[in-house]
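Same chain, two partners: subunit A is paired with subunit B first, then with subunit C.
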Partner chain A sequence: MESGFLPRTRFQTLLDALHRAGYRCVGPRVRDGAIVYDTLTRAEELPRGMRDRQAPGRYRLEQTGNPRFFSWANGPQALKPFVFAPQEPLWRSERNASGEIRFAEISPPAERLAIIGVRACDLAALRLQDRHFQEGVVADSHYAARRRNLILIAVHCTHPADTCFCVSTGDGPRATQDFDLALSELDDGYLVQAGSEPGRELAAQLTLTRATAAQREAAAREIEESAKSQTRRLPSRQLRDALFANLEHPRWNDVAERCLSCGNCTAVCPTCFCHSEAEEPTLAGDHSRHLRLWDSCFTQGHSYIHGLTIRADTRTRYRQWLTHKLGSWHDQYGRSGCVGCGRCIAWCPVGIDITEEAAAICGGGTHG
Partner chain B sequence: MNNARPRIAVHKFASCDGCQLAFLNLGEDLLALAQAVEIVHFAEAGPVDPDAAVDIAFIEGSISTPEDAERVRRVRANSRYLVTVGACATSGGLQALRNFADAREWLAAIYAKPEYIQSLATSTPISSHVKVDLELWGCPVSGRQLLAATRSLLFAVPPWYEKDKVCLECKRHQNVCVMVAKGAPCLGPVTRAGCGALCPAFRRDCYACYGPAENPNAESLARRFEGLGLMPEAVARRFLFINGAAPAFAEAGLKRRGKPHD
Partner chain C sequence: MADPHVPHEAEVVERIQESPTIFTLRLRFTDPARHAAFRFEPGQFNMLYLYGVGEIPISIVSDPRDEHLFDHTIRVVGRVTKGFTQLKAGDRLGVRGPYGRGWPLRRAKGRDVMVVTGGLGCAPVVSVINYVIRRRDDFRRLVIMQGVKHSDDLIWRSQYSLWSRQRDTQVLVAADAGAALWPWHIGRVTELFDRVLIDAARAVVMMCGPEGMMRVAIDNLLHKGVPEDGIYLSMERSMQCAVGLCGHCQYGGKFACKDGPVFAYPEVKPLFGIRGF
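Now for the complex of A and B:
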């Protein structure tokens, strides 16, 4: 695809073009010791020179002094919170003086959002969330409204963390789908490639120079090296049969002894979609809001059915997570639910490594 | 109409009164509460009738004297539903630290005439003495918890209560994990939600004032704290604090402190 070059000194023109088109820009910013997505108005707010060091249960940032804005691997958030809200009201109900109850819709949000710096693994995860939330029998109106109003500026990943394994899941480090623009970051600027009609319109508003062959080669080489630098991997992209053949494997007890059943892995997972619902009545009892909240297969409520908790212990909860994510997801969505982002490894408070657990249960090495 | 209003009482046992303030700090909702129910006993707010029969009795505080052990039985006998509010009433509270020490020795060290003080050797939760219908954890509890519990009981539906870990709330707020990003010994992964992950939102580690969540793995978290560089006594102090007498926390803490005194 035809691509142009945007010098780093003119990065602000991209933000300006998005603002003119009515988008709020969200991009990587340093907050509380991590790179998070937050509102971005000026290019100077980007995490220039910041590099992350990630290991099981550990994440630290350091300043390298290099001029790049995107020389880091993903922080704790994915695109998930921007489309599948962590907590939102779905409808409200009112009871009048004669006791009649009326239900009212709460309008889905309509903010236009541009997300800058999106990685290939998160685009793959968004594809899976699209399958779940809006390509089934009934589309989720709140998810669909947010999704419709997104414009996605991807950046090919050249700085994977030690916890990354997107190569083994086939989801990165090059962004290949579902972006509007994709950027390759070089020392002095960006190769800009459009992936959609809105992306082409946006690129047309930037003053791009023609990309040279040397720039294209440098960009391709960086992505290739990024792929080679990944050391973690899942034993296979298809682990369903191996997992379901090992439901009584002793490793489930072993991991249950370490696992906190805290649900952090599912909260940072860009594809996990489980939620609970709750009613929030006023004290007077005449109004109520019905809420949807992120839930997790690690909670007791997740397997509570009419007086019975099916998965009371951590062993069965961890097993549910792994056998669904890497196993029965194939039957539901035609592929594994893991995109290799490695967040569940870094953000597990006790550092449980999904690639190690999968290898222990299914066989096959973790470090390739 | 007024005669049909459910009657409530708020009783105080060994406590700091902070949970009762959760009622008084309700603002406009306090007016709504006063319309929805009849408050027949709430000494801190005014009405005093400790032996009145009520539909809901809220109890703040733990049992730490022989008199209180008797009084709580009378409250139970006079109440349709009994709800504990706060760490003291629900786990024994901060004062249950004496359960792991020689309480008489402490009295002798502090009071000139310890023989005048009549207190039990232990501070225990209300559920160790009488049947409890609902436990609201927190130090202090929040107005939101009190209103939600009251509303459910008025609707005559089982009260919904938090039992998941703080981490769920923390991630819903999109806080950066203080344990992973800073190495802080956060108790969120074993602590009951309900506070809105208040401490991690201000970049500090949770100290478990809402008590143990369901299915807590305190032993694994304690091992992780040791991995972060905490000495065994420092790990013990993380667990043996506001809700230290809660069995899951007591076990992980005492294991690192050595055996308790007889």
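Now for the complex of A and C:
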């Protein structure tokens, strides 16, 4: 449902409305040579004119002089750190002098957070994380508390990077679900579309003008061209059987020769959910915190069971990651665990390309 | 809803040393209401928390009807289990559970039951043996196969002799190496399949132990005519959350903590025996 047009000069009114509603705004900003999501108070802090150049093992920003705020594809973060914290305490225990132990849950901060500039691929990934963390046998209260305090302002992606392949996974570049507001960015402003009741309420507080047919056409055309400009693709959306039929394919050895088993791919992946648990006792010994931290199937410890490491080598770790991401996710959540954001390609220090590896193992081309 | 991650305080009522490295903790929740409400199935596990050190998954070995206490038999292998050896009666720890899917005891009713284990005293299936012995009329033949590396590793040795004297019960124990006066077989436990007397087509077989041993056992069982879906195995994988969230216990698309740890063989067959899963 389209609400109207917001000129770029009035973008600040969107931030102000969110602030008034009690949200901290987080949006794209340039830090350390990359687009990251960080606290946003002024529209001038947005990455005006910045364009990301991504390639396997490479991420660079350049200034194009373009007036737009969202003429880039993505940075290393997705929505994951805002709902599934990289490190957080789950509970604490206290032991008194007579040896009794008391346990108490540690609740996450109940901060209301507005995220601005969310991409379609990241909304698809959030949907998958929702299924994993809050729609299974048990609901994770820490994830759920963060999730219900989010308001999401999506921006349809008109500048995919060379590493993007969301069209082939069916997840972009147009945001179609789970947003509160979705913006189409044009040279002079934004078409605003509400996707939820909070989104409609928010849009009602903005002074929007009526969108013209020319603006709508231009926005639709840009998204269409954005889709056409993607050159990478996964060979198919259903790779489960092909992967599990090729567990002894020589390509696993080949990729293991290149892979550093560093876990960068799992850290930037918006759907990877593995985490370890750890204990943090005080030196005095009177209480202890129980934490969870992001983990990676590329670590030695991930598959360790008393004296035995199930995946001791890089070949079995990469195979675990890929067969899970593109294969057994189908068994667990009814679809692939890949949303085509391309982050694992750009942020891999040796430039391993998931689409190339999948094609080498399963057959089928990666450039369409 | 209560947070699924938070343990509850339990008290060690008794500690039994089973062997130099294996001991049993007999536990009770300190909250009487929680203790009264605690129910489990053989084959399920609890997460046991050692104060200030961490949590580990340990299967419950006592009888589900025993409402007085619940027991965990633990072998010393790591930091947490080593710490647990220091606990004595009256000491406190954290417990949450029970978790996972246990043994198919309802399905086994009225059928021959066979349990196959290897490695050091396999506690999860000992709970099945005790369960069957206590309800002997509910089941037909009971065949117990246990393999150990060395005869000294066999815990509950007197129980095996006791079980072997029960009616319709066959006990086949093997040690790769045996000390003097070892009454059982010397060699691999899997060498004893020829002696097994069961109604193969209707038997329910439950096994746990090293996957290499289970693979050989499955070959032998299929050869004897046991159908694939009559074979159940307990899969051991790293588990940190026990509720299907942390990802460590994944076995293909399965989460061993919530979809298992007991699986019917057809459920795990596609990946079973492939290194790295």
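Rule of thumb we're sticking to: the second predicted complex is superposed on the first by the 367 of 368 C-alpha atoms of A that agree within 3 Å, B and C clash if a C-alpha of one lies under 4 Å from a C-alpha of the other, contacts with A are read in each partner's own complex, and residues count from 1 in each chain.
Following the convention adopted for this analysis, contacts are C-beta pairs under 8 Å (C-beta built on N, C-alpha and C of every residue); 3 or more make two chains touch, one makes a residue touch a chain.
It should be emphasised that the depicted structure is a prediction, and the values quoted were computed from it without experimental measurement.
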Q: Pick one for A:137: touches subunit B only (first), subunit C only (second), both, or neither.
A: second
Q.
With both complexes superposed on chain A, which partner does A:285 reach: first (subunit B), second (subunit C), both or neither?
A. both
Q) Touching A:260 in the superposition: subunit B (first), subunit C (second), both, neither? A) first
Q) Now for A:275: first (subunit B), second (subunit C), both, or neither, which partner does it touch? A) second
Q) First (subunit B), second (subunit C), both or neither: which does A:58 touch? A) first
(Q) Taking the stated contact definition, name every residue in subunit A that is touched by subunit B in one complex and by subunit C in the other, in rising order. (A) 278-279, 281, 285, 295
Q. Residues of subunit B touching subunit A in their complex?
A. 29, 32-33, 35-36, 147, 150-151, 154-155, 160, 163-165, 167-168, 171-183, 186, 188-190, 203, 214-217, 220-221, 223-224
Q: Within their complex, state which residues of subunit A touch subunit B.
A: 31-34, 36, 57-60, 75-77, 81, 86-87, 257-264, 267-268, 278-279, 281-285, 293-296, 299-301, 312-314, 346-351
Q. If you look only at subunit C, which of its residues touch subunit A in the complex?
A. 1, 3-9, 30, 49, 51-55, 77-78, 90-94, 236-238, 240-241, 243-248, 250, 252-255, 258, 270-271, 274-277
**Q.** Complex contact set, residues of subunit A against subunit C
**A.** 90-91, 93, 95, 99-105, 132-133, 136-141, 244, 247, 273-279, 281, 285, 288, 290, 292, 295, 297, 302-307, 310-311, 315-316, 319-320, 323-324, 327-332
